[in-house]
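See the structures that follow.
Two complexes follow with chain A in common, the first pairing it with chain B and the second with chain C.
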Partner chain A sequence: MDRGALRQRIIDWLDDQYHFGEAEQKIGDDDASFLDRGVLDSLGFVALIVWLEDLLHLAIDRRNISRENFDSMNKILDYVERRLAGERS
Partner chain B sequence: MSLAGLEMVFFLPAVLLLYWAGPRHRHWQNGVLAVASALFYFTWSPRLLGLLAAAIGVSFGAGRWLQVLPLEGVSQEEATVRRRRRRWIVTGAVLAEVGILGVFKYAGFFTNSLAAILDALGLPVSWPVLHLALPLGISYTTLIQVGYLLEVYWERTPACRDPLAYGVFVAFFPQLIAGPIARAREQLPQYLEVRRPTPEAVATGSREFLLGFTLKAFVADWAAPHLVDPVFQSPLAFGAAAAWAGLLGYAVQLFSDFAGYSLMALGVGRLFGVVLPVNFRHPYLSKSLAEFWRRWHISLNTWLFDYLFAPLTTGRSWFRGKAGPAFVVVFLVSGLWHGPTWTYVLWGGLHGVALWVHHAWDETYKGLCRRDRAWVARRRSSSYLLASWVLTQGFFLLTLIPFRAPNLGVAADLVRAMAGGGSGGTLPEGLGFQGAAALAFFVAWHVAEFRPGAWAIGWFERLPAPVRGVAYGLWVVFLAIYVPLGAATFIYGQF
Partner chain C sequence: MSDGTVIHQPDPRRAAASQMASFQRLCEDRVGRRFGSWPEFHRWSVECFRDFWRLFLEWADPAVEGDRDPVCEGQDIETAAFFPRLRLNHSWNLLRPGPGQEEETALIARDETGRRVTWTRRRLRKRVAEVAQALRARGVGPGDRVVAIARNDEAAVVASLAATALGAAWSSIGPDQGVDAVLSRFRQLDPKVLFATGHRFYQGQRVDLLPLLREVVPALPTVERVLSLDASDLGSLASGRLEDLGDGAGGEAFDWPRFPFSHPLYVMFSSGTTGVPKCILHGAGGSLLEHLKEHRLHSDMGPGDRLLFTTSAGWMMWNWQVSALASGTTVVAYDGSPTWPTPDALWRVVAEEKVTVFGTSPAFLQFCRESGLEPGRSLDLSALRTIQSTGSVLHGDLYPWVREAVGDLPLHSISGGTDILGCFVLGHPMLPVRQGRSPCVSLAMDVRSLRAPGVPEDGVGELVCGTPFPSRPVGFHGDPDGTRFHAAYFAQNPGFWTHGDFLRLFPDGSAAVLGRSDGVMNIRGVRIGPAEIYAILRDVLEIRQAMALEQQAPEDPGGTRLVLLVQMQPGQVLDRPLTLRIKRELSRRASRVHVPAVVVEVPDLPVTHNGKVSEKAAREAIHGRLPANLQALRNPECLDLLREHPDLGGRFLRASRDAQVEGTHDHRTRQ
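Coming up: the complex of A and B.
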């Protein structure tokens, strides 16, 4: 799955679970913090991690579950790209 | 000694003077804080100071050991060996920390409960009952150290190399009695730097201390003897109105006691140039239970979330993706953490189940929103929000019955009295000036979250400094007149 397709899947998931058609508007900027903008709360982050693991068939190590890796759209996409590239190499 | 006690009038300025007048070096600053914290601890549990030092030594040593076994930059085989060794180290250290807590806090509870079960099964036993003094703040210091160990184990934070800084991180005296529960990533770096005084920190710290003291000593310590204690002592002596007043009074007391003390701790921390985590954000304004627990005792609930809920629901166990059952586990642990009694376990269980029900409702409501967007708008309507607020706060209020009652019998008596089954007595005294002023302060504290309150605070902040100084001075005089010195109790200190 390329970056654009994964981004769309995340938007669809956010719309389905929390924002019902308003996810894009809520996110605003792909670098903006999900927590600060109310895109996800702490429970939502846990649900996102489980969903991403199941979707991409990867295990996200506990040491990587942090705001540095998951608190914005770009951070999530960067992290997933790094992980998938690491597994291919 | 406590932050709200008379001794603090002498202790705090003396420590501040030593801290800031001495060399501007972190070892000096940490040394002063370590000695002050040890003295503070000594006034509560002189014989158990060695136990605290030993616990700190174990977690510090285990952290260092984990640090010298990194998983990066070694061969696959070596990484496997190290992974196993790291697991042993962290398990051993966590068991040691939790074991100390278990022996001192829970040994009596579990042995008594086991004896009662065996007795009910017709197998009466008689074994010596342990009556151990509870070390000061052990529930807090244990969570701080376990959190640190897990962070180092998961390589999310480096192990601390400075034992003095680490000791202060665990046992900094303002946080000893009732938290907040410090987290390694935010707190430890502060003790590894030299702290410098700033006028803003002094002003903010003093204001927080004064506000916290008002909540704690003026509001909570008034509500306890006038509303709460008589009703919970013998609920059936009272009529329904008095019983409800007692319960509502307890909600006021509990928040003011704990949020007040936490704010005082924050203020004192700031006076030393240390920023402690915020522990309360107006929980009585929450419109769902999940929101409530994000605003009440934040440092405990984020700890439970990060180290229990998240690993449970994202791991490979049966709990994966199952938030509802995980809420029950987390809140049973939270109940037990508050105290080794069945009333706390019941309180935790009720909150766990209620969060599960709320989560299920949330999922159902999402289904409605997916079918028809009108449901999204309905959820934002004033009537929906008001109903949510009433349900959330009403539920929390009712669960305070087992939380405060000394046993399940008294809890049942209070429920009976609230339903009009008591003998109809009234509370001995009316509100009086102090009661009215205390409740007005409590209400104002919450109104300050809304626009008129924010405007009033902004207006006050813009007044010239001398005018604000006089206002604070008058406030202190007012408190000196109305707060009975030395009468303070600490609800969360007993946990």
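Coming up: the complex of A and C.
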């Protein structure tokens, strides 16, 4: 799955779970903080991680759940790309 | 480690010094016999429930006036009346001076922003008396209803105790509800006063409630005063603020009037499968005695303890938590997100406030496990001695997590509900904790597991209660002849209270509540009546008919999710925009928990031969089973789609079913 496709899957998931058609508007900018903009709360982050693990067949160490890795759309996509590249190498 | 394994043993010295042990000794001395085991003591408390309650009243010593006889008039659980000649003031019982407690902290209010407020018992009582006097001067008194949209903070505690001190009935809901949810409840009560908070916090966001109040206030024409619970500017909507009530004299002249034992204290709401939410009236004396029993005997709480229960002001655990003041326990009220600003935020409060009894939910414990938290290692939880969990089924796999990540503490799964403002199954300070089970059923309650005819003997059945108990509701508001009250709890099994849960009882007296047995849903600990969902969906004109069901979540074994089946109007199709609009409307007008995890279009819903839509048949089908009475359906073929639909977990359920051992496939056997 390329970056654009994964981004759309995340948008769809956010709409299904939390924002019901308004996820794009809520996110605003792909570099904006999910926490600060109320896109996800702490419970939502854990749900997102569990969903990503299932979708991408990845195991994500809970110690890596941090603002640095997951607090914006671009950070999530970057993290996933790094992980998938690491798995392939 | 499997379910039923002993996972915690109580410390023998602490068990011997518990209030349960003290009270059992009193009973043994008075009745002249020794109870050799817990089941024996419990059996006596059921068979001789009048003796039990007489002795408990003597031992607990609440502030009551009048003749203690008769203990209970009548034998019929539906109509029996406890202590008909006693009078009391519920608030006084929670606030009266206790030995050495006047300057002790009675209430701590904290929230996610870091705000912390403490109140001594003396200060709290004086403030409640002041506010009660001010409300009385504004015409509030016995027979009135005072309602609130409140946060879990000190303002809600003061307002509720002041209103009930005057004999008014209190009813509160949390600030996260939509306008339909608020009005479908409060409009039925014809309230005289509305207390309202102007905002709420969640995950660092301040949510303004003025838009909600602008819709709610005009729709409650009987409300004479709207009083702000906080410093928010409610503009012309409010006629005053709670903090401005009172003359500053400390309420010295307030007389704490006594009311009959069954005088209405709280109105709680229970939404069902049809109609508007039921308004359940709970009496002052019954609530007080039941909570004293649960707090002091089953939870061993008293002076020196600190109770924090994760709750909103709209859940019965809020009322339960406030009642702990009557046992001399300090209440720690926490408002906002339990995971803000850090995932372990609530555990930090537990540590900082030296909480001794922490009440939470399976969903929160599950979140902590999935987040990899280890609060027992990262924080000083040395004051903590018990964790209680309620709201939904506590599955066995969370017990080892608590032991490993929190500590070797009793994890007590307690269960009952809004309907009885208390619990049928509870903890016990002298009994071991078995994985996946509650240690015991409540004293003086003849809790049984009633099997339906033809159902195999596996210890699982309907949770019913056969003895009269003081916290049985007084009735429903707006149900003068008791017809709805009878239909809700007594019609299904005459002579018993039928609670709507499945229960398994074990020979050692432990128990496991296994989920709802009726159409009411419990999604991650929140009870939802489908009727509320249907009322909102009537405005989605593309839908002809809908059915909301609770389903074991295929992706989350042990968890549950809300499934919505929709039958469309001719020519209409359920596409993604419509699915999202359905979810958005339910979130906006009811609450987030009313939003289905999945919406599925179906050509047909199961209908009986007399034209009634069968939720029961559909529920069986979405769990991959065929209903027992298939011949009762006019269109049984429609169930095939529900059983096999991939969005309803068809493949998962088939695989799961195939993997199960013969005879254990019934959903009621999960623990």
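What to note about this one:
Here is the rule we use: the second predicted complex is superposed on the first by the 89 of 89 C-alpha atoms of A that agree within 3 Å, B and C clash if a C-alpha of one lies under 4 Å from a C-alpha of the other, contacts with A are read in each partner's own complex, and residues count from 1 in each chain.
Everything that follows uses one rule, which is that contacts are C-beta pairs under 8 Å (C-beta built on N, C-alpha and C of every residue); 3 or more make two chains touch, one makes a residue touch a chain.
Everything quoted here is computed from the prediction, not taken from an experiment.
Residue contacts after overlaying the shared chain place A:85 against neither chain B nor chain C. Judged by the touch definition given at the top, the superposed model places A:5 against neither chain B nor chain C. When the two complexes are overlaid on their common chain A, residue A:21 makes contact with chain B and with chain C alike.
In the superposition on chain A, A:66 contacts chain B only, with no contact to chain C. Of the two partner chains, chain B and chain C are each touched by A:50.
Using the contact criterion defined above for the overlaid structures, shared-chain residue A:38 touches chain C, although it does not reach chain B.
In the three-chain superposition model, chain A touches both chain B and chain C at residues 16, 20-21, 41-43, 46, 49-50, 62-63, 65.
Partner chain C is touched in their complex by these residues of chain A: 15-16, 20-22, 35-36, 38, 41-43, 46, 49-50, 54, 61-63, 65. Residues of chain C touching chain A in their complex: 202-205, 337, 339-340, 342-343, 367, 370-372, 555, 577, 580-581, 583-584, 587, 595.
Contact residues on chain A toward chain B in their complex (touch as defined above): 16-17, 20-21, 41-43, 46-47, 49-50, 53, 60, 62-63, 65-66. The part of chain B that touches chain A in the complex is made up of residues 154-156, 290, 294, 302, 305, 309-311, 313-314, 320-321, 323, 366, 369-370, 373, 376.
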